[in-house]
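Each of the two complexes below includes chain A, the first together with chain B, the second together with chain C.
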Partner chain A sequence: MLKIIIPTAMLMPMTWLSKPNMIWINSTIYSLLISLISLSYLNQLGDNSLNFSLLFFSDPLSAPLLVLTTWLLPLMLMASQSHLSKETLTRKKLYITMLTTLQLLLIMTFTATELIMFYILFEATLIPTLIIITRWGNQTERLNAGLYFLFYTLMGSLPLLVALLYIQNTTGTLNFLIIQYWAKPISTTWSNIFLWLACMMAFMVKMPLYGLHLWLPKAHVEAPIAGSMVLAAVLLKLGGYGMMRITILLNPTTNQMAYPFMMLSLWGMVMTSSVCLRQTDLKSLIAYSSVSHMALVIVAVLIQTPWSYMGATALMIAHGLTSSMLFCLANSNYERVHSRTMILARGLQTILPLMAAWWLLASLANLALPPTINLIGELFVVMASFSWSNMTIILMGTNIIITALYTLYMLITTQRGKHTHHIKNINPSFTRENALMTLHLLPLLLLSLNPKTVLGPIY
Partner chain B sequence: MSFPKYQPSRLATLPSTLDPAEYDVSPEARKAQAERLAIRSRLKREYLLQYNDPSRRGLIEDPALIRWTYARSANIYPNFRPTPKTSLLGALFGIGPLFFWYYVFKTDRNRKIFKLERITTSTQYRRIFYVIPGITSWVCLHASCEWKLSTQQSSLPYY
Partner chain C sequence: MLRRTLLLGLCRGPLGRGLGTHRGGSILGKVEGRGGYRGSWMAPSSSSVTFRTQDPAHDVKTVGRLGGGDRDGKMSEIKKKIQSILPGGDWNPLYDTSYLPPESSDVVIVGGGVLGLSVAYWLKKLEKPRGAIRVLVVERDHTYSRASTVLSVGGIRQQFSVPENVQLSLFSVDFLRNINEYLAVADDPPLDIQFNPSGYLLLASEKGAAIMENNVKEGAKVCLMSPEQLRNKFPWINTEGVALASYGMEHEGWFDPWCLLQGLRRKVQSMGVLFCRGEVTRFVSSSNLMKTASGEEVNLKRIHEVHVKIDQSLEYQPVECAIVINAAGAWSGQVAELAGIGKGPPGTLQGTKLPVELRKRYVYLWHCPQGPGLETPFVIDPSGTYFRREGLGHNYLGGCSPTEEEEPDPGNLEVDHDFFQDRVWPPLAQRVPAFETLKVRSAWAGYYDYNTFDQNGVVGPHPLVINMYFATGFSGHGLQQAPAVGRAVAEMVLEGHFQTINLSSFLFSRFYSGEKVQEHNII
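Let's look at the complex of A and B:
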């Protein structure tokens, strides 16, 4: 594990000491090398986890998330080059430092053994993200967005600290490897209900659950491109990962307590997908689609069947790559038109046909086209929820249809039709942007050839 | 020649030149019309200047569009007031379905769990769990043995 942590930490001195014309090149290349190192962790043992030390371990659930995190840093750096080109050198280096700190904390979070260390790093990831959103966002609403983001997550996760300390006192350990064998069933008393709520609310806010999702559209829309990418791709999955880890301690209370959150997620899926159909802002549409996809993951984790866990893991990885790619595409629009309004930049297919190809592939992945892992994740979750209760198929089916509707609406509005008069003289697609889209799409397509990598520990 | 009197319809409104009220307009109304025309032509001139400017890069800012997107995305709460209609819509689509689906799913789940527990805990039906698998595995074992023997016998040499 040190062979990933130390290089990532060393990216920061390297950025500060690089020559001005080399900062982007150095940081991108070296972060790409780090991601290639982390690919070795995908070679997982069948029944057990890879334990690197007392502090770090990786498991078929956390290894794909770790690889996604490390893969995303070079992509974030590539995406940020354009909007930071007018900043001073120190600010550019500071931005790269923020991204690298965030990366370091995320790597340690996904591989933490002790749940308290997981919690501390979970909270610590908020700080670089807050700095990125409030300092480098584009509109004045970014201050409000940062506030919502910080305080929603803090309010949700403070009870988690209390719950973890309580579990440490009663069980004697919070080391995840021990506690999965040591967990005793807890009865459904009032205090255990509060324990369940305290453990889960942090992750519900992070996912986000439908009633507590207000921070997400604000934060995603106001963040700069790297902030949006890391928020959508990785920070939401922290919630899913945490939920999958902590539900081991909470049986069988989950059978009773899951109902309100299942209802919120199932109905919230349909509601947020419908809201997507009426958005004027492109990034807001992608943000609400993130809420909808994550609601599926919440449903899957609360059902707790083998198939649903496999579906949840696959869906998390798939959504990470797809959502990040859609944000990059939206950013390529924004850099040219300087507005996020969808109707202002229409008919791009005639002017930027290669970018239209990436838009098409990203949209097809978003609406869970077979054989992508998006479909595998969604299908497993739909099947598992059908076995939980036959009636869920109504809501799930409605959600799939509305997802297809708004994704195609987004594709057709931005790509098809007559182009607006002012986009005749936009810049053509840069090689950097095409490389960015390719690097997003290539893992997604390759994983559809070998999905068992992302199907999690149950496979 | 006398033409029939022009009747306006829904898709073909009366043009202002055929409207007799147009010719009796007071001087103040005429002045107001002239002012509005001046504003419209100034805006159109500004737009056309920007539209035909060869060194323009990017879109022409439309303040109306900016206001519209701001109102739709960031300025919703100051323009919201709880009225009977909005409260009804909120309850119908936001709160009601949660309780509705809770009752639907709880009923369905209770029925499912009851059926499952009845089968797994009753002694009468429990035999399903070991008789049927036992019979099927016995049949499969025999069938596989016979198939194996039949394929083997053809390769044994005749003594």
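Let's look at the complex of A and C:
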């Protein structure tokens, strides 16, 4: 594990000591190398986890997320080059440092064994993200957005700290490797109900659950591109990952307690998808679609069947790549037209045909076209929830249709039709942007050839 | 007490969303102050005349009203704080920036006169998903002390020789007639635009008679009258030297421009357009060298940032934008130069400037008890002098367009009374003998956004600065065509082509290609 952590930590001094014209090249190439190292963790043992030390371990659930995190850093750096080009050198280096710190904390979060260490790092990831959103965001509303982001997550996770300390006191340990064998069924008393709530609320807010999702559209829209990418791709998955880990301790209370959250998620799925149909701001549309996809993951984790866990894991990875790619595409639009409104930049297919190809592929992945892993994830979750209750198929089916509707609406509004007059002179696609899209798409398509990598520990 | 507190607190808050107010944007609240314009359209005819001669330095203050006792003040402070922190408020923990425009806006309209507001209105009306486009109107003088709109005589006619002008005026008349359906805002009183449909009477001498006959265009209900018919209908006219007269029967007359302006303003605010008080000082643009279909290279520019300078301060706010609309009226030429239009070797497209300049025109108000009665149309003499009835007390407004040699200096809005004595009164007295005895009550001067090329408007995008659209240069008939022009520009921005009225002959490219759209009936 140190072979990833130390290089990531050393990326920071490297950035500060690089020559001005080499900062982007150095950081991108070295972070790409680190991500290639982390690919080795995908080679998991059959039914147990890879234990690197007392502090770090990786199992088939956290390894794909780890690889996603490390893969994302070079992509974030590539995406940020354009909007940071006018900043001073120190600011650029600071930005890269923030991204690297976030990366480091995320790597350690996904591989932590001790739940308290997981909690500390979970909270610590908020700080670099907050700095990125509020300092480098685009508009004055970013202060508000940062506030919402910070306080929603803090409010949710403070009870988690108390719950973890309580579990440490009663069980004697919070090391995940031990706890998964030590977990005893807990009775459904009031205090256990509150314990359940305390454990789960932090992750519900992070996912986000439909009723607590207010921070997400704000944070996504106001964040700069790298902030949006890491938020959508990785930070949301922290919630899913945390939920999957902590539900081991909370049986069988989950069977009763899950009902309100299942209802919220099922309904919220359809609601946020419908909201997407009426969005005029491109980034806002992608943000709401994230809420919708993550609601599926919440449903899957709360049902706790083997298939649903496989679906949740696959969906998390797939959504991470797709959502990040959609944000990059939206950003490439925004950098040219300086507006996020969809109807002001239409008919781009005739002007930027290669970018239109990436838009098409990203949209097809977003609407869960077979054989992408998006489909595998969604399908497994739909099947598992059908077996949990037959009625959920109505809502799930509606959601799938509406997802297809708004994705195609987004694609057709931005790409098809007659182009508006004032986009005649936009810059053609840069190689950097095309490389960015390829690097997003390639893992997604390759994974559809071998999805068992991302199907989690149950497979 | 509670109600007073509520009113105070709600009025002063940055949101201003209280009982009965329906402002869309939060920026306006603090900048406008209260009572500045709200009352003015209640009594249009008297206030409109007096307002124009008011001291232009009069300004509305932005400090909230501090009425009541200290307890009321504290209560409203607390209320304001709570309201701003709650979700939906725009609380800024560092410092108050509500007077600044937002940091980004999809469309920035330079100029908040009737044309700018009309474009804003139609943009918001015609956008397909509601609330899609963010529009910012930048106006440097919210009292409109030098704007052409409010200093205008307010006439509307269809007697133009260019068919597009006729269509524009026809739609505008329809807009004005149904103004309370177009510009209705919930809870606000209806507008009384005081449209006097008295018609226009254009008189032509022998030389102009043939042109006048030709100029009767489709859509305009015009009656051509001989001198005897003229004497029968209007006995107060001296028909010496008049060979033909054309009298508009329908849809012509005059109205209160201030009322139209305020109606547009409050409607546009209710639709969510943001206003900002500032001056555009810089355009930051990026350019791309591209090749046309025939292989020649052109440098296409796009403006991606507008620097708005705040009044009486060095502070400016860069506003990131996708589209800029130049509706700055008489100052459009200067705004266009900021964007780099006209910087190039003369004779090329890059070197073609926007030929809109300031031209000062005088309007005089006089009282003549024996003057023509209530039926008096807007009379335009062959010498270029014009007058119309104003109000019900034997007052008349009129003036004359000076020739090229006697153009007054447009540096200020001082009125030259000798001009009336020398150039306006003699033809007037000759045409209407009753005007030999009159008393000038007041006078004012206003600017024409004079298009030196062909005195007709410029509409549509610039071929090289591709995201700047023009809606200016109407040389004295902009007010009457404003609603239709606003719609045309909004269609151009949203769809890419004109849909209802085809104004492609009014595009900027005619300045380069030399095709004049000559209007024969310009006052």
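Simple rule for what comes next: the second predicted complex is superposed on the first by the 459 of 459 C-alpha atoms of A that agree within 3 Å, B and C clash if a C-alpha of one lies under 4 Å from a C-alpha of the other, contacts with A are read in each partner's own complex, and residues count from 1 in each chain.
In this text, contacts are C-beta pairs under 8 Å (C-beta built on N, C-alpha and C of every residue); 3 or more make two chains touch, one makes a residue touch a chain.
Remember, predicted model here, so these are calculated numbers, not experimental data.
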Overlay on chain A: chain C relative to chain B, clash or fit: clash
Partner chain(s) touched by A:262 [first = chain B, second = chain C, both, neither]: first
First (chain B), second (chain C), both or neither touched by A:337: both
A:138 touches, of chain B and chain C: first, second, both or neither? second
First (chain B), second (chain C), both or neither touched by A:395: first
First, second, both or neither for A:422, with chain B first and chain C second: both
Touching partner for A:87 - first (chain B), second (chain C), both, neither: neither
Selected from 127-135, 307-315, 379-387 or 415-423: the stretch of chain C that, after superposition, runs into chain B: 127-135
Residues of chain A at both interfaces, chain B in one complex, chain C in the other: 141, 280, 337-339, 341, 344, 420-422, 425-426
List of chain C residues in touch with chain A within their complex: 87, 90-94, 97, 102-104, 106, 127-129, 131-134, 287-288, 290, 300-302, 304-305, 320-323, 461, 466-467, 492-494, 496
Touching residues on chain A, where the partner in the complex is chain C: 138-141, 143-144, 214, 278, 280, 337-339, 341-345, 418-422, 424-427
Contact set on chain A toward chain B in their complex: 141, 221, 259-260, 262-264, 266-267, 271, 280-281, 284, 336-339, 341, 344, 388-392, 395, 420-423, 425-426
Of all residues in chain B, those that touch chain A in their complex: 51, 57-60, 65, 68-69, 72-74, 93-94, 97-98, 101-102, 104-106, 108-109, 112
